[in-house]
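Lettered A, B, C and D in written order, each chain numbered from 1.
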Amino acid sequence: MKGLLQIELFKLFKKIRSWLGPVLIFTLIIIAYPLTVEYSTSELAKSFYSILWLGSLMTIMFSTEDIFLEDYLDGTMDQYIVNNISLPLIVFIKIFVYWLLIGVPIGILSFIFAIAFTSNFESSLLIGVISFVVNYIYFAVFSFGNSLSLNKGSLLSSLVCLPLVLPILITLGKFITALEYALNFYSYIILLLGVLSIIITIIPFLISFILKAHLD
Amino acid sequence: MINMQFESLRSLFYMNGHGIYVWVVLIIFLMVIIGLFLFYKIKINNFKKENNEIN
Amino acid sequence: MTNDYVLAAHNIGYSINNTKLFKNINFEAKKGESIHIKGSNGSGKTTLLRIIAGICSSSNGEVIIDEEISKVMVGHSNALKDYLTLKENILMDGSFDIKDTNIFLESLNLKNKLELKIGSLSFGQRKKASLLKVFNNNSDLIILDEPCVGLDAKTQTYLIEFLKKELAKGKTIVYSSHIDMNLDSIEVYL
Amino acid sequence: MFKKFFHQFASPKTFYFVSQKIFPYLFWLSIVSLIIGLIWGILYAPVDKVQGNSYRIIYMHVPASFAAQSLYMMIAVASFIFLIWKVKLAAYVVKSVSLIGASVTFLALISGSIWGVPTWGTWWQWDARITSTLILFIMYLGLISLHNSFNNLDKADKFISVLALVGFINIPIIKMSVNWWSTLHQPASITLSSKPSIDLAMLYPLMICIFSFLGLIIAIVLRAIQYEILLREKNKKWIQSI
């Protein structure tokens, strides 16, 4: 388990464009956003959150494109099965590693940008935490989509994933409203954590079933 | 309970200004049904034709 | 059926979209025996090997392999990462370290390529690198899909000699090859 | 025992001939009652006091939305059967229903949208129901395009049924969250959902329309499954002798 984690981490780390690229694109989206609207701080803060959520959504969608494709094409996945390595475990590790190298930086950046745009430290900290959780959910969902459409391009996977991430986006919107009007927002955090715990357990098995079918 | 609601053909088509919407929806509705039905009918017929030619 | 068979296949068939690729394939192999799967292009040799390796499942019939047995497989795709060096690729496999591999690296002329990225190696060199898995294995069952493709004559002889030694040690080999490898194999035609 | 019975009944051959017998009855019965329902609804049902005659779209719109949801239910059940018992016929059902479901959902969307013009004065409203129907449409499209992108149909069957089941679990979640979300906005003065104490004279033709349309769609589904059977099993002897 530990060995596998190290290997996957090493593999992704060495592919610099696969993890640094998405983080840079996310940064660019957020930096470009104020340039597209007329300058006024209050206006900026208003739709900052939408840009933030959509930015991380798009970035993660694009970054998971070859999460399984590479191993599938070069035969590494065959080797997993021949060597009796548990496929759900590999899937779990892969998602975790992607989250670690892409999701966590995006979460930290969200926190920094939230301070810059809203200049409210406490709510920005919450945004950062929520971003960690939501990014993991995004990674899991888009990995599912990409495992379905494995070598058929990301158009299909985005079609498949849109209905799945929609409830998350709505929850995020609700969370932001609660945050802005100082309502009880903890219930949303608990809700998202609940979704996260379900997704962490189910998605690896689902994806490994699909990958196995791809190899058939 | 069951009464004809329109006195003339003209008022039936016009429906107090709402006729256009109702009739357009009806046409699309029928088109989808007929389209689906014909789609599979033609496909099955083509299949059978090819099947008979081969055998 | 006696238990000394390492590998037994009964009535294996495989079909895609209800079209049969092959059917009724039967063979059995004991320790120290090898099986040569023959057939024309597209007859399903690779698929059969993948079924034996447990990657695919067959449409009918069954392959019986002792669960205790460890397998090693080298197929068309060599499971090497372009963006890593040869050394990193070898270390990533986990099951062996550089020291044990040294002899093979020398005989395969890969010793001075260790620090190069796989992306910069030639096709034959990559093939050799993927065969390292076979040279340095403790597995009982060796599955090879066209191992000689892209290898020079010297390496081919080296590989065949090595496989003969492995057979003598009591291992089982299943392979497909267009070249006769002189392993006294049981032949299976698709 | 159950499994054996199930496999025999669900053999494509049996299904083909049974459905061949059922089809004409179901088809003509549904056609006749649908025509009765539509004529009753459009010509004889009383006018709605608030919406005027435009409400008559309900006799097409509601059957379509109802069928759209029932068909997804059918897909979910079939995918479950396919994944658990590996019944091939169930996979054919999933494949053939997804196209019909998409067209019916499209019908529901477009009729709702046209209905919106006289009642809301706009083609599109981010109303909870419309949004979830749109998502349903996207889900159908996802199923269709997923199945079409694979040459190996056995694989495609597995993927499409996994996706359909995941989508099925997702449907109530989407409905709930979309409802929850649309409370942010001003509630629309007239929604499709609130039919203020619908008159029986309106309700009867509506019921007829709903069930006869569903029957008609199921008849077409039977045809679609027959086509799928022919296509997939064309090497079988019984098909070559048809």
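Rule of thumb we're sticking to: a contact is a pair of C-beta atoms (placed from the backbone, for glycine too) under 8 Å apart; a residue touches a chain by one contact, two chains touch by 3 or more.
For clarity, every value in this text was computed on a predicted model and none was experimentally measured.
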Across the interfaces B-D and A-D, which one involves more C-beta pairs in contact? B-D
Taking each chain's mean CA coordinate, chain B and chain C are separated, in whole Å, by 61
If you average the CA atoms of chain A and of chain B, how many Å lie between those two points? 46
Cα centroid separation between chain B and chain D, in whole Å? 17
Could you please state the distance in Å, as a whole number, between where the Cα atoms of chain A are centred and where those of chain D are centred? 33
Please list all residues of chain B that touch 2 or more other chains. none
What residues in chain D touch two or more of the other chains? 154, 234
Where in chain A do residues touch two or more other chains at once? 216
What chain-chain pairs meet the touch criterion? A-C, A-D, B-D, C-D
Interface residues, chain B side, partner chain D - complex: 1-6, 12, 15-19, 21-22, 24-26, 28-29, 32-33, 35-37, 40-41, 43-44, 47-48, 51, 54-55
Once bound in the complex, which stretches of chain C touch chain A? 50, 53-57, 71-73, 75-81, 83-84, 88, 92, 94-95, 143
Can you tell me which positions in chain C touch chain D when the two form their complex? 16-19
Chain B partner contacts - residues on chain D that touch it in the complex: 38, 40, 42-47, 52-54, 56-57, 60-61, 64, 100, 103-104, 106-107, 110-111, 114-115, 117-118, 200-201, 216, 220, 223-224, 226-227, 230-231, 234, 239-242
Going by the contact rule set out above, which residues of chain D touch chain A in the complex? 135, 138-139, 141-142, 145-146, 149-150, 154-155, 158-159, 162-163, 166-167, 170, 173-174, 176-178, 180-181, 184
